[in-house]
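Presented sequentially are two complexes of subunit A, the first with subunit B as partner and the second with subunit C.
Moving on, here comes the complex of A and B:
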């Protein structure tokens, strides 16, 4: 454990950032800013986890909507059973993680592109299942497939904000720990060449499964926090391809496979999200064009570009 | 006896409109075979084919099938352009990059067609849209039969093309072993372009028959991508007979799912079947 000065600087920066962010609502931050930041935290946590999957584990999983939607639904349903929403958020994460274990049996048999499309089918199946779902009787009656989150009307925005901040910071720390551990080393070996990783004694299946479960859990928690803010959930938006779009865009713009990538990417995605919201359909059209252009022009993402420029010596910050 | 004759209708219809899925899946499987990239925009190309035919029908008053004489070359050229300037560049970086580009193209097509043609559901109306014919006790819409005939014709043409022409043989060679094909003097960039162009031409055909068979809207593409993928998985990649039977199988399970569990069961049953097949036999029912 060599603690370098660089690491101390990074850690104290992160700590300072978290403290400042946590204090902002108390110091009377405008509501709209708080809204932006809640989105930012949720997107950041989800994108960090997608980066863990696609960038560090070589798992191009196209099913974040499955984890986010399932956790959101779990949290919502639990509020109807009079379980507080913050408990529901954690249970939602657990359900998402359990679900990832459940589907890992089928999807992990596929490799590369097969895996990508196999996982793309999953949210679609869930959407159809939840659209069919018509609970009868008991506490849950009256709802169709869509539900209000019950009993959070008195929950102030600040609580969601702090929860979001917590999961975002946790996701950053988690990625940091994973990348500096033996686990992260194994993942990097798998990403670069899984056959040679396996022949050097790495249990490929298990490591991939672990990162899949971790990602499902954190994405689930982030998604449940998002829906506790939204206060309403229904299948078409919960299992929407937009979730995939958000994490993909944030990771690719920021830099896939780079630790700081999603942070930069999530900032840009949130700005795009709110700036383009008023244009309706053009919003996604523009985001699609940005995705294509970035991928072709700067495939390493913004942080990757900065790193490359630094290395070649033509860019010196400060 | 009663249930049997009741079932005859969904069974026949499922097999017939399974033909539509065969045409959609063929384009996807062609590009996958050659480039090893799942073109996630394929479903959107199909709906785009439907929309372009819709314009031809409503503003030019053409018969949609007749329109294909112009539509096929148009989509073929479009495919070559997209492949050359977008996909191939990403493909040279990595397969992931190509997949992400295709995803971006899919978003662009979806939202552009939402702007141009509004989110409303459309279908291609022709004088024969509501005609049906009778086999024994069963009434079958004519368009379903057209789907099946189209699938058979397209299968035969593509098969003969791959077998008999130089280009077709080059495509087959590249999909069997890319490196050896290169050593034999086949230029992969050109083969990819033509393969993608043909896949787009197939999307134009699929789009027309889609419009004749089902209503479609700008976001239908994702559904048809997943269906096409399911068909390929069921049949096994690289097997044309497998794709054909996979399409029939998918159509059948959709029709039966709809018959027993209503509208949402229609797709739920085949999707679940795809996941089950993947778990038990990842290479597909007819794959090697």
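Moving on, here comes the complex of A and C:
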């Protein structure tokens, strides 16, 4: 198959997927299925962006919860200022992107594992800030720092579903474009060797920053959509390490650095999420064990494994 | 202090050898020129312009490319992508133009048959040529080649020197860092020798090879 034919096939598959998914709620899909799919869309969009950072740019950013939580809070607070939630979702993405610029100066001073640790503390700092800060005099519930999303009780579930679908499909297209662009090749060069990237004329800091901003924006939008469905946000959920676990598992199980990886991974993570829910706090431990086992047994992930098997089976050149 | 009072001029179009024993500061000098290290004092001038302290990617875009003594490829990228990405960013050309130009550079460096192989699967000897190819793709006016001969055998070495000669033919000024005497004798116009960060000799290869201080620093002092 030539590259053009292949591209047409992939694009029509994606288009078909989007159309079928968009029509499902109208054709009377059960509510539970709609719930699963909303989770899937949000996880997929966030995992795609984490794959952009960790898989394609070499940035092991452990702060997705910062972008997701900040955007969620932005959207929620804006509803208390009578701004429609769909506007708030976009503004949330912008706030997450601005925040990524703000922290880039300090976290990009660190490389590799130090960068990872440096970013890991960011959501925790935000969690502590939001536990003490009351941005608007809105309705607090349970005496904590939580907020209801005002006015979305009228919002039907379908709307969040479609928004989630839109951001998931957009994230797939975005990754597809980036990977085939000059920008994507520059990122891959930085990931493989940042010293020779610099001496080949690549502005390492700037390219990493662009990748960071894009990921923060899309993760933020996905997170804000999630909280508009949830209708309630509080610091311990918004800045929870579970967000990191979700994107990490989805990317690693699916295949880090592989375009289709997060799609496969996100399906499994949604199943895990609902299956493990009954175990409460232990579920995080179980997820951790699964992650370690996958990394040891199939470090290339499911899509990577399939690719390797196909290659060795049919002698198809790489 | 790694370098002290090192001062030299490299005329446009020339090919000069930078020589010195291990630890003399040759690679440090390259890193200073390319903007990886900032000197405490002194200036680096390129085509009359002060480029001291300019970051590496800008130095590259100004027309100074380098290779690494130990190859530093982009491992997951193919040979073609390794070279094309340098063309895209080093010269600012578009993706498809950079890819077709990269193919030409791969032919020049005898790597065309490896174009679709990921760099991590190439041998060290092939990677040495890929280093040169990647640097060439940025279309430099000055090329700093750090020990191209290290690790090459008797048939591979002349091949490498041919490639460098072809690049020079195209009008590129070359600073060749090397301590294999044979390479120096065959390939360069003039030699500049440093030891322990200070210059000790310069001139025609034959003169320099006879210089007492050069012999001393390579072979040790006569007792």
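Here is the rule we go by: the second predicted complex is superposed on the first by the 299 of 318 C-alpha atoms of A that agree within 3 Å, B and C clash if a C-alpha of one lies under 4 Å from a C-alpha of the other, contacts with A are read in each partner's own complex, and residues count from 1 in each chain.
Convention: a contact is a pair of C-beta atoms (placed from the backbone, for glycine too) under 8 Å apart; a residue touches a chain by one contact, two chains touch by 3 or more.
As the structure is a prediction and not an experimental result, all values here were calculated from the model.
Looking at the shared chain after the overlay, A:188 reaches subunit C, while subunit B stays out of its contact range. Shared-chain residue A:60: touches subunit B; no touch with subunit C. In the superposition on chain A, A:248 makes contact with subunit B only, while subunit C stays out of contact range. In the superposition on chain A, A:285 makes contact with subunit B only, not with subunit C. Of the two partner chains placed by superposition, only subunit C is touched by A:198; subunit B is not.
Comparing subunit B with subunit C, more residues of subunit A are touched by B. In the superposed pair of complexes, A:171 makes contact with neither subunit B nor subunit C. When the two complexes are overlaid on their common chain A, residue A:51 makes contact with neither subunit B nor subunit C. Note for the complex: subunit A touches subunit C at residues 181-182, 185-186, 188-189, 191-193, 195-204, 257, 317-318. Subunit B makes touch with subunit A in their complex at residues 32, 36-38, 40, 86, 89-90, 93, 95-97, 99-101, 103-108, 110-112, 114-115, 222-223, 225-226, 229-230, 261, 264-265, 267-268, 271-272, 274-276, 278-279, 282. Against subunit A, the residues of subunit C that register as touching in their complex are 34, 36, 55-57, 59-61, 65-66, 68, 72-77, 81-82, 84-86, 88-92, 94-95, 98, 116, 118-119, 134, 138. Residues 54, 60, 105-107, 109-110, 112-114, 116-118, 120-121, 124-125, 128-129, 131-132, 241, 245, 248, 252, 256, 281-285, 287-289, 291-292, 295-296, 299 of subunit A are the ones that touch subunit B when the two sit in their complex.
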